[in-house]
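Look for chain A in each of the two complexes below; its partner is chain B in the first and chain C in the second.
Showing the complex of A and B:
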């Protein structure tokens, strides 16, 4: 900034004056002040000289032949455009009307004839300060404008990368409705959905503290972990643990992510929910009534891995039921009167709706009504998942990334977990990973995962833990089943589950043989016969599913070893 | 002043009172309140009796105070919460980290 110029700053000054003597006097005065003078004898010449010489300041006689001072000032101001070129009228006029006309034409000030040297010097100096200040402001404005354009450019590129990483997954599935209002290009809220290899899906909805870039940066690793682990077959609680650990490590203290994770299993007709810091969610029953899903955990990124609890709460869910979750932007939506919609507002809006995923639009309308269609002050995200019949669930294979690698064809492996590990670790992602190294099996990873999962769950829950699946038929028994599962997992010291996988090439493709053996007492498949019709028999549903997926299935006596053979065809 | 501090006579308890909205705009003042205190504080009390609103960045600031006060070994009491403020604290399950009454 050079607003305080030294007294000697030399300016280029245009003097337009038709009287030769007056012009001579003024030229001398101005030159002696150290400035460079450009002379003109009438208005038209003044405009021409202005165009050629680009002076810093203009001294203009009001009354001149050919073009008077007023018109000349107008043209000079138009030529100067954005630049401030002070125009000072030289005048012997004294009536207020004429002086005002000079200013109206674009003049900045007057100097009365005869000239006073001191006043002339002071005015030139003052207007130069104004000129320099104006130029500085203009430059700063242009800089800011350019920086802003650059920033927007960078943001839109970053947004493309961001959208590729934090894509919306299977949010467009027909049984999902959602609404997400971005407050800026980036959004403090996150909303992801990913199909599981075994069918069903995981959904993650969350709200980072803050908005914009910091929130978006946190969202990227969350998306990577969420999609990566879900696709590989990890359970929701394992995904949560990993995300929490990652956020705890990378986020500064004070920044975290309020979130809810959903594990929807349409085959079993159940949803598992983990709510850490989001407002109440609602499981809306088709038959009427609702189950409220409270936040029971600290947000993600707050607790150390040792203290973090990733236990989901499981609910039975039937086709037609819907699960609604939202970020706190919905509750905090406020109108002109600054009154928030609040917990009560949301609750009554939800009650008024009943059931069905359309509750999202209903609630968004309610928020609009409340805020009088004011732009959202916060980020607001809602999602409703409608529970559907298993066969309506959209497929998984389409979303799976393809690898160019051919992979092994002739191999076998054995993997056993035992003791307390049974309760703490799921071998399924690992086994699926081994299988999907075979390129032909990658296409049917859904079927492979389901077979592995059914074999494993049968072996663990019914073989090792000896839990009766009839319990799961009622809501009370359902909770009891999971409590008991948790309890019995603590005493599995002498137990094991062993998988043996074998793969070989065939003429038309390949053959995968999976054997799963457990340390339990086994069961007699024949004894389960009488219950088969109601589908609630011992391991009944799981075995039926295995039978459907596998080409061959053998159960040994006493029923603690199951072998399935699966053929795939080369395309 | 929207944020006031008070030190007990023995100097061991620092009370921080927040008036009005507790959000990002209070960030610097809230940090100053405990960082500029003389050493020797054994317990912090965050008095929210005149706090009308608390947002997620305020939750973050409470976590910063907790870290400053020694993390798991810290002693921080959050008291006199209004209904709304209390609701926000419990949605985030901050009872697990702070002594809230």
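Showing the complex of A and C:
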């Protein structure tokens, strides 16, 4: 090795040259530079050799028999594909047009005859550097592409899991209208609706700080808790407490979920609302006018359980009224001039609409108009729930967690809560859970829950607290009822409510007996009526409902112990 | 061609000898054999009036001659190539005589200088 040039890696170089003496010289020159030579004497052979030997670089005579150098270069470049295989033409051509033709055919450079070994070595080296750089870039591009494909793949799998967990529940119910705009595959907004065992539904609308995957991860446990607890009969405030506690534990500091929870009870004609950090909601009256539902709480995941207040504000609601809630993406929707729609914009749009769940489409149109149909910069979610007559309610589909276990058939239990616990804890989910361990009862969990709830609410509100149900019939009384309920719950030290449950197998299925006894003074069933001013009476409607659902009902004197018997048929 | 180039390019030949080492005589022989074939090809092409074939052969012959260090022969080949491209076939025939004469000279020089070429 006599060359003074820095040593390059040994390359495989294809030399295609028909003139024997020229090929001899070039082969010798290239070999002496430390490279491996593959020889070809014409264009067709060059292409064949290229296929076989996959050389790193090609030195190609421009004029050759059986396929000239230019066609040969075209074919070699096509075969090389993504790889950069430099093609250097060997030429004694002198006119510019012919030289340009060589480049057009895919050639990268020329070497003129007679060959100069210094120039030859320098060109091989320069093109090798380019080749290596090209390969590095190609590999990096391929890596990025592969990584991206993997990411999209994982996202679509995650999306499937996510959609199964954070499904939309009963959002497709006819009296719900909603709009959700995903920013990406996952959305920082959440919108869930789930029927309650006793009728009506819970709705949760929320907006996590951030977007995409991090925000979606927070949504998963929220969905689990929301659907799980609602289905099991937990009250909205209990669901909220659980979600808050969970998010507080798992979310990093600075991440939380602005949300609103709705507990809609079509049977009672009331909606309970909790708004923590979402924009104002609106209860639009069919008769005109609206009630604004402000945010009165911090978002979910901020406060520790001891300081978290999950009290819902209850409003009377009549069929035809609509409740509208939205995430702040609606307010933040900005036009080309970067001016946001804002609270005022939303308020005037809502006022212009009037009543009815179509307000969602109206507001979305207004946002589009404002943003000039620009893509939404933030996640934007809206929902409107129209209050309907009870029978229009979609009802509670028998979707309780299906278990393959047969469960117990012959059992009895007694459960009593007393003192201040009466005001803090609802035994209904627990009792429903016990009952639905019987596989035959799982299918009728709606009826079971309704009976348990009616028995319990009557025992608590009328038996223990002695609240008159007539109060709830008027707007003023409605508020008074709930205030009084809160007040009286503070002095229940000596009171109790006791449930006794018994189940046995029968020839055709099973029989569940529920007895509910309270420490109140009781009432005279003969004088029961919705218009009785006496505070000790049961709600007439509740009793009628019980009579409808149960096969037998007995009220023991003095009216503080009610027993219902429920039969289920094996399918 | 205003000035005739030398028969042999001493510098190029010195470099070739250095590069080819033991194989230098083989190179010379190869060139001589190639050149004989090309001269026959030229004779045939000119005889049959095939300007394109004449042009191609003259072009290759030119390249090889320049590479081997025979620039005057290269020049005559270039003139032939241009004449063929312009379809001046009678000029080509004249150049062919020049080529044959110059090739003889180069061969003799090779034999005298390097004892190679036969």
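Here is the rule we use: the second predicted complex is superposed on the first by the 419 of 571 C-alpha atoms of A that agree within 3 Å, B and C clash if a C-alpha of one lies under 4 Å from a C-alpha of the other, contacts with A are read in each partner's own complex, and residues count from 1 in each chain.
The rule is simple: a contact is a pair of C-beta atoms (placed from the backbone, for glycine too) under 8 Å apart; a residue touches a chain by one contact, two chains touch by 3 or more.
As the structure is a computational prediction, the values presented were derived from the model and not from experiment.
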>> Between chain B and chain C, whom does A:92 touch in the aligned arrangement: first, second, both, or neither?
In response: second
> Who does A:255 touch here: chain B (first), chain C (second), both, or neither?
Replying inline: first
> Is A:343 in contact with chain B, with chain C, with both, or with neither (first, second, both, neither)?
Replying inline: first
> When the two structures are overlaid on chain A, which partner does A:279 contact: first (chain B), second (chain C), both, or neither?
Replying inline: first
>> On the A-aligned overlay, A:296 touches which partner chain: chain B = first, chain C = second, or both, or neither?
In response: first
> Once the shared chain is lined up, is A:113 touching chain B (first), chain C (second), both, or neither of them?
Replying inline: second
>> Counting contacts the way the document defines them, which residues of chain A are shared by the two interfaces, the one with chain B and the one with chain C?
In response: none
> What part of chain C is in contact with chain A in the complex they form?
Replying inline: 9, 12, 15-16, 19-20, 23, 26-27, 30-31, 33-34, 56, 59-60, 62-64, 66-69
> For chain A, which residues count as touching chain C in their complex?
Replying inline: 18-22, 24-25, 28-29, 32, 63, 91-92, 113-115, 117
> What residues of chain B sit close enough to touch chain A in their complex?
Replying inline: 56-57, 59-61, 63-64, 67, 87, 90-94, 96-97
>> Considering only the defined contacts, which chain A positions touch chain B in the complex?
In response: 207, 209-210, 253-256, 258, 276-279, 295-299, 302, 328, 343
